[in-house]
Amino acid sequence: MNKNRLEAFSDGVLAIIITIMVLELHTPDEPTWAGVAAVLPTLFTYLLSFVYVGIYWNNHHHMIHLASRVNGAILWANLHLLFWLSLFPFTTRWMDESGFQQVPVLLYGINLLCAAIAYFILERRLIAVQGRDGALAQAVGRDWKGKASPLIYLLGIALTLVQPLLGVAVFTIVALIWLVPDRRVEQFVVKAHEGGAGPGHSN
Amino acid sequence: MNKNRLEAFSDGVLAIIITIMVLELHTPDEPTWAGVAAVLPTLFTYLLSFVYVGIYWNNHHHMIHLASRVNGAILWANLHLLFWLSLFPFTTRWMDESGFQQVPVLLYGINLLCAAIAYFILERRLIAVQGRDGALAQAVGRDWKGKASPLIYLLGIALTLVQPLLGVAVFTIVALIWLVPDRRVEQFVVKAHEGGAGPGHSN
Amino acid sequence: MNKNRLEAFSDGVLAIIITIMVLELHTPDEPTWAGVAAVLPTLFTYLLSFVYVGIYWNNHHHMIHLASRVNGAILWANLHLLFWLSLFPFTTRWMDESGFQQVPVLLYGINLLCAAIAYFILERRLIAVQGRDGALAQAVGRDWKGKASPLIYLLGIALTLVQPLLGVAVFTIVALIWLVPDRRVEQFVVKAHEGGAGPGHSN
Amino acid sequence: MNKNRLEAFSDGVLAIIITIMVLELHTPDEPTWAGVAAVLPTLFTYLLSFVYVGIYWNNHHHMIHLASRVNGAILWANLHLLFWLSLFPFTTRWMDESGFQQVPVLLYGINLLCAAIAYFILERRLIAVQGRDGALAQAVGRDWKGKASPLIYLLGIALTLVQPLLGVAVFTIVALIWLVPDRRVEQFVVKAHEGGAGPGHSN
């Protein structure tokens, strides 16, 4: 079973998720700068979720690249991840419409957490197929961001119970952490590829 | 005529079907847990249809992988399947909006049944091209799930006439049956591939 | 410049066009069979446009397969075709919402005609690159459907001026003509491919 | 890290952006030619944004084709570009809904400018990886359209402050400039490819 169609389908779903959120954006009520200012929070939530889907696409890209092969369980683990990501437009819209009230922000945080857990499960499945010595297992070994993110989401959820905007701030910080380039991981990927250590050249 | 574009187009359509259903999800009226509870049936129907499209993508993936080549009739049989799958967002939405009333649930069941029949027709066409001894014919020979599903849909449709929620329960059980891994089929696929028995290596 | 990305982008756009039309489908007002009957014209227009986009995908698939290479002018001719196809959801929706009144049906027919002309232009561009002796030119030489369709659209547009439903009938008949398999063309494609006469094996 | 998935994801996002804008098109209020005339400005803005996304897809196609390889920073520079392009349906809709009032037209122009800057950043990143002597750097060296466009957008933004329709005219002219074929650039691409000077043959 080759990886190509898994990649193609995931790319398709992620491309749609990241793009249809723009359909949710309501145009300003008045054609003035005040009207624009009124939709800035909406644009901010759109940007935040855009970055999150971008992060998942980026990480998914690297992870599948390092994976050697896929099986039925992995297809379902991948669909499980896509399911939680597909809820982003829904939870994003609600958080925005409510004006960042507590329950919608909590639901957004829970959505982020579920996606992170689904990603973790997919990662484990891929490593189980490839083995502990594989390129993926080694790359993941140093993946401190992947390990820290769920914990920070939990912190964000807890802080939302105090003040929702604190939760939003935490979720924004996690996104920024991922945006900062992590040269080491990438260099490892390059080396593994050049050395032929790990990834199948099926694509 | 190669299989790649058939796969690419089908992946695209399935990715869109599975994702645009989220646009139908109405956010809760109130930013409270009671509001969330009120949309749980909606989220459940979304999940159910998500799983069904996922199942079709998964099975389609395997079936086309085992197919040797495609012709014009197969392209149309594939579009016929995609047509019924494309109605899922419509029948799902109506079933949900109506609060699981009889006619909408019946229509959902009929949609499931039509998709299953369209899948069966596509399967026959692919086997007709490849021959009875091909890898696909052999894999299908043991496909008890594929044979049982339409019968269970009929049962679900009949039970809906008694009580719609019974029908929904049956449709949910079929989805769960498919989620349970079927190791034998997959092992066959792996063996056929390794032994070079069947699938063309066109991708 | 390779054909792969042209195919991938066209597949993406066509997959989206064929699928998002389902978002336009309004669920029945009442959860009854009378409610379903009331949306049957809507479902019919959806099916008609689904078949038309399917026909274009099918023909596009064959045409690009026979093409040897693409250039900038061809990319734009392709986008021109996609533009007219992208209006299908719009003209379909209006024709349906208006209950098949004259002007909306005329616009639907004009949309079909423009798409056919755009397809013709793309075909000419591809043949110009490949030469009159190429596999595409020969396949097109016997393409009586492609030559007849625009004329029948014109007839449908003229009949719409008399009675819109006559126009809809004509547009339906063209779709049915395309659905009937044309074995000769396909056999030619197979032969050209086997004999290595024409299409580049770039994919 | 190969270019294929970057291309596939970008194609997916661009295909969705270019297509979902049609969902924004409101059907005429009355089934008459007067009704059609009333939506002509809407169709014009749709066409304008369709052409712009088409231009970006076209240019992106060429640029990535000439690129030798991608890294993490390039993936993010690409997502940055896609973000601004994803706002086109939003800014297009507002400009149209407002009847081309000043602030919405300004926002549309700013959106065009931001996309052009994001494209420039991506170009620089790709050249940085490939080197100043690479095929991309040479092709870009003569890319007067790419250099002139941001300046003309600025002019359009300035003119919008005087009269919004002047700004719209300028944005339309830029689109037309891009539609005019630039034979030299394309010939260079063909030569570079034939001579093996630049682009990796990874696809």
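Every chain is named by a letter (A, B, C and D) in the order it is written, and numbering of its residues begins at 1.
In this section, a contact is a pair of C-beta atoms (placed from the backbone, for glycine too) under 8 Å apart; a residue touches a chain by one contact, two chains touch by 3 or more.
All of these numbers come straight from a predicted model, not from anything done at the bench.
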Where centres are the averaged C-alpha coordinates, which chain has the largest centre distance to chain C?
A
For the copies chain B and chain C, give the interface type as same if over half of its residue numbers appear on both sides, and as different if under half do.
different
Just the number, please: Cα centre separation of chain A and chain D in whole Å.
26
Identify all positions of chain B at which a residue touches two or more other chains, and write them in rising order.
8, 12, 15-16, 20, 23
What residues of chain D sit close enough to touch chain C in their complex?
7-8, 11-12, 14-16, 18-20, 22-23, 25, 27-28, 31-33, 35-36, 47, 50, 54, 57-58, 61-62, 65, 179, 181-182, 186, 189-190, 193, 203
Give the list of chain A residues in touch with chain B in this complex.
1-2, 4-5, 8-9, 12-13, 15-17, 20, 23, 71-73, 75-76, 79, 82-83, 86-87, 89-90, 93-94, 97-98, 101-104, 107
